[in-house]
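Notes for the one structure printed next.
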């Protein structure tokens, strides 16, 4: 996934200004707060904005929280998703990452908590359209298990199921330890899978898939370099690279990954199905 | 998967004849035995054979055993696969079935024990071709989790990875309780997923995928009707249908599914990679 | 677990009588209904009752439902548990059964959804007593994985943790296919583990553990013989035994086991902790 | 588990000496090498040795390797275990750690690959004694799931099963990143569970259990502090503590934990059962 931190820096830049919505140099930023959840939207409007922030034109939403109430967070995710997508889409959700590496399992856990309906609607024409949107889902697993890039698996899935919107969910690498498992990032500019655990793969975006793509990333790991910085308040210059690729994750990653995966899945469920938060448990297990 | 039992009946028909290889009415059959493993090959050669056995033209291999040695069974599976496929294929393996329903997990367990190499060969051109064939793999999960037919997921995967051979592995419904977990069926006529647990889905075959398809089926469940027959030696005529869809599987299904999934995976590993049985453990976990 | 069906037969016997509460021959029975959940309590009061129903003195509660609302069922389970146990107990919950055999996993799934607090209270004396009861938990797994009887593992656990109440949760074998996954049985007479899948092990009861024992059983499997009966409406006499031990479970066992395991766990959480249904999700994952 | 690094320092101290076996100041050390596996045995003989190395009297074995052959490593582990224990023991194996946190799952994975026999021998007196030793096993899970200390669960299990030797297997914290997943430590002085992920719990040792205890530890995680040191070659003095508890593990932890857990389990299987390496797969899945 793209590095959002610049977008957050932009936020800080704009926060110094008086008004809530600001627009300078091709970048628009808004910060809102509800129920202890802070939502920052940075929109890069044109080339000028791209140059200022070093990222492509698009919308970048950052949801930040300390502790969260599942319903409040899910409602917030729903709202932000719907600010980027048409509600009556034919949605495919791709859960990226390695189900067997605890902090990397956020994508698969999200898929496990979705209300998947495409097959139901197809086999029962005209019966459940009031209640359910059209949602399908796939876990892409990782290249060492499939031999294929997540982007290729998704491309095939999207084509064969004729969906017109993709939401890709993946673990991210955080730039700061304190932001781990306390941020959800949503963008309409796509995702570069594996970046959470240090691999770089083919982009998953509107360019490569020919349909709109929303990427939802949850920072679940940090870099070893970030850990080293933490010890010195980033107060040093020459830092050598660590050779062994490592996963650095919160100690209670097993619980966090389930809670955050549920929040993301419930947000998607609420955004595309015509149901209340209280109904979700009845449709999922 | 197609019902092999007629093919086995054919076998019984031909066994009464003197020679080992027989050919009558457009059907050719061979029975061989090695290390307590019995292999029956029935080939339907033409329309006459199709009419005689009620199944499409193609090759039907049945491997039968009571207890098995992992190496012997894997070697036998290797040999039978290679009697149906080119060794230097670009192979995709699809593991069908529900990973969370014990006896239905034979496909996913097979995938877990494969040596997947497509990505390694792609990123290291010219380095490992002597050692490895080109193998990729996907678990299709089930329609209630994905919203999509296994056949559609496979079609997408096959197209995007440019493979030229598919092996689909699935649990089957056995016609007789005593054959449960003691038979492996291999055919080049394709598979109809979900038939092991009573659903009928789109065919996965050369017709639908435009590449050769080998289906490997392992009978892991039986019908409740079969159970009722067992109690009466099939000695009754009017049997009413059972309304509640049930899974009927061997009590030690958890261990059997791992052992048989490994045997199938190792057979595939041996067939397409240039390695010995003893090396496999070093490449898988 | 003990066979409750006689207790239900008793219920039927008593239902023919006029009043809601009846008491004949040392057996007392009450049937109540709330929110489409039917609760039958049969109490065997003395030796006369033991002889009449062929079961030991004790209380036998059967909760029956078709579809259920998680909250309503959990509230019902809470109420029934508290009719048999002191709320401020030092509770140990034992989840029996094989986590890897889908329908046998009801015990482990229950444990996964408990709010376990013993360690929190111990390390924070005087801080959380208003909020939480003292709950610990263990999954006993099965003899083929541990080499030990569940009863021995529980006995050791109970002694070392000084708890004064045990709740043992296990899958049961149903006597009728239609009652599968639609009944929860609760008794204060103990449990005989493994009976759900055809093994008989050492009893887990007040006799063997020296503390009160509540057994919660959920019928998740049936006998192959039951399946045969279903086909003939039980309308035959000589039925031969099936030799291969089989698991017969509902086809959607994977979802049912999660839903029912949650209902049981939430019932226990509500019975022993001072929290509302809506709070549970915040404490578990 | 105790910190072995001092023992390794001792090794380095002694390596400077000429002979292979050296003994100074109450410490005896031997280094051997076979098949690229280096085994260091440090024995602390008396109080003088305790003072010199800051660790209790006992034997400390460190097995080091870069890549390993499963059979060679298992044979080495077998040999080292038998240098500390009687072969015809009634053995209980405890797998410590959180099965759902990838690098912490080494104990549970070991248990999954054991040949457990206690129940078989008990129900078949006199039949399998030539083939199998008496082995039982338990996964202790973690305190947040059970509410109980691993040591208490083990104490209860050991008492009720009457075993006379305990092997406890747990993930360790390594002192150096380069030693991660490349070392196995075996001692007869016991274990302090949770030290791999930063918790300190009640000791599991002969003192607390009244039977001999062998602890097998596999360094699967490192400290964030260690990561910081790696970046500076340990070339700094004032290092502040990191507040967020983190897990730092090798990126391919999912595969490593399976391979190393198997190596440990197979070593135990070979040490206590009368079987060959080649037979193990037939008894486990």
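Side notes on the structure shown:
All chains are identified by letter, namely A, B, C and D, in their written order; residue positions are counted from 1 within each chain.
Keep in mind that, in the parts below, contacts are C-beta pairs under 8 Å (C-beta built on N, C-alpha and C of every residue); 3 or more make two chains touch, one makes a residue touch a chain.
Note that the structure is predicted; figures quoted are calculated from it, not measured.
The set of chains touching chain A and also touching chain D is given as B, C.
Seen as a C-alpha superposition, chain C sits on chain D after a turn of 180°, to the nearest 5.
For the pair chain A and chain B, the distance between C-alpha centroids works out to 38 Å. Shared contact sites, meaning residues of chain A that touch two or more other chains, fall at 254. Arrangement of the chains shown, judged by which pairs touch: all-to-all, with no pair of chains left without contact.
Residues 69-70, 254-255, 258-259, 262, 281-282, 285 of chain A touch chain C in their complex. Those residues of chain C that touch chain B in the shared complex are 98, 100-102, 177-178, 180, 197-198, 222, 224-225, 227-228, 230-232, 239-240, 242, 244-254. Within the complex formed with chain A, the chain B residues making contact are 111-112, 116-120, 135-139, 141, 143-149, 152-153, 155-161.
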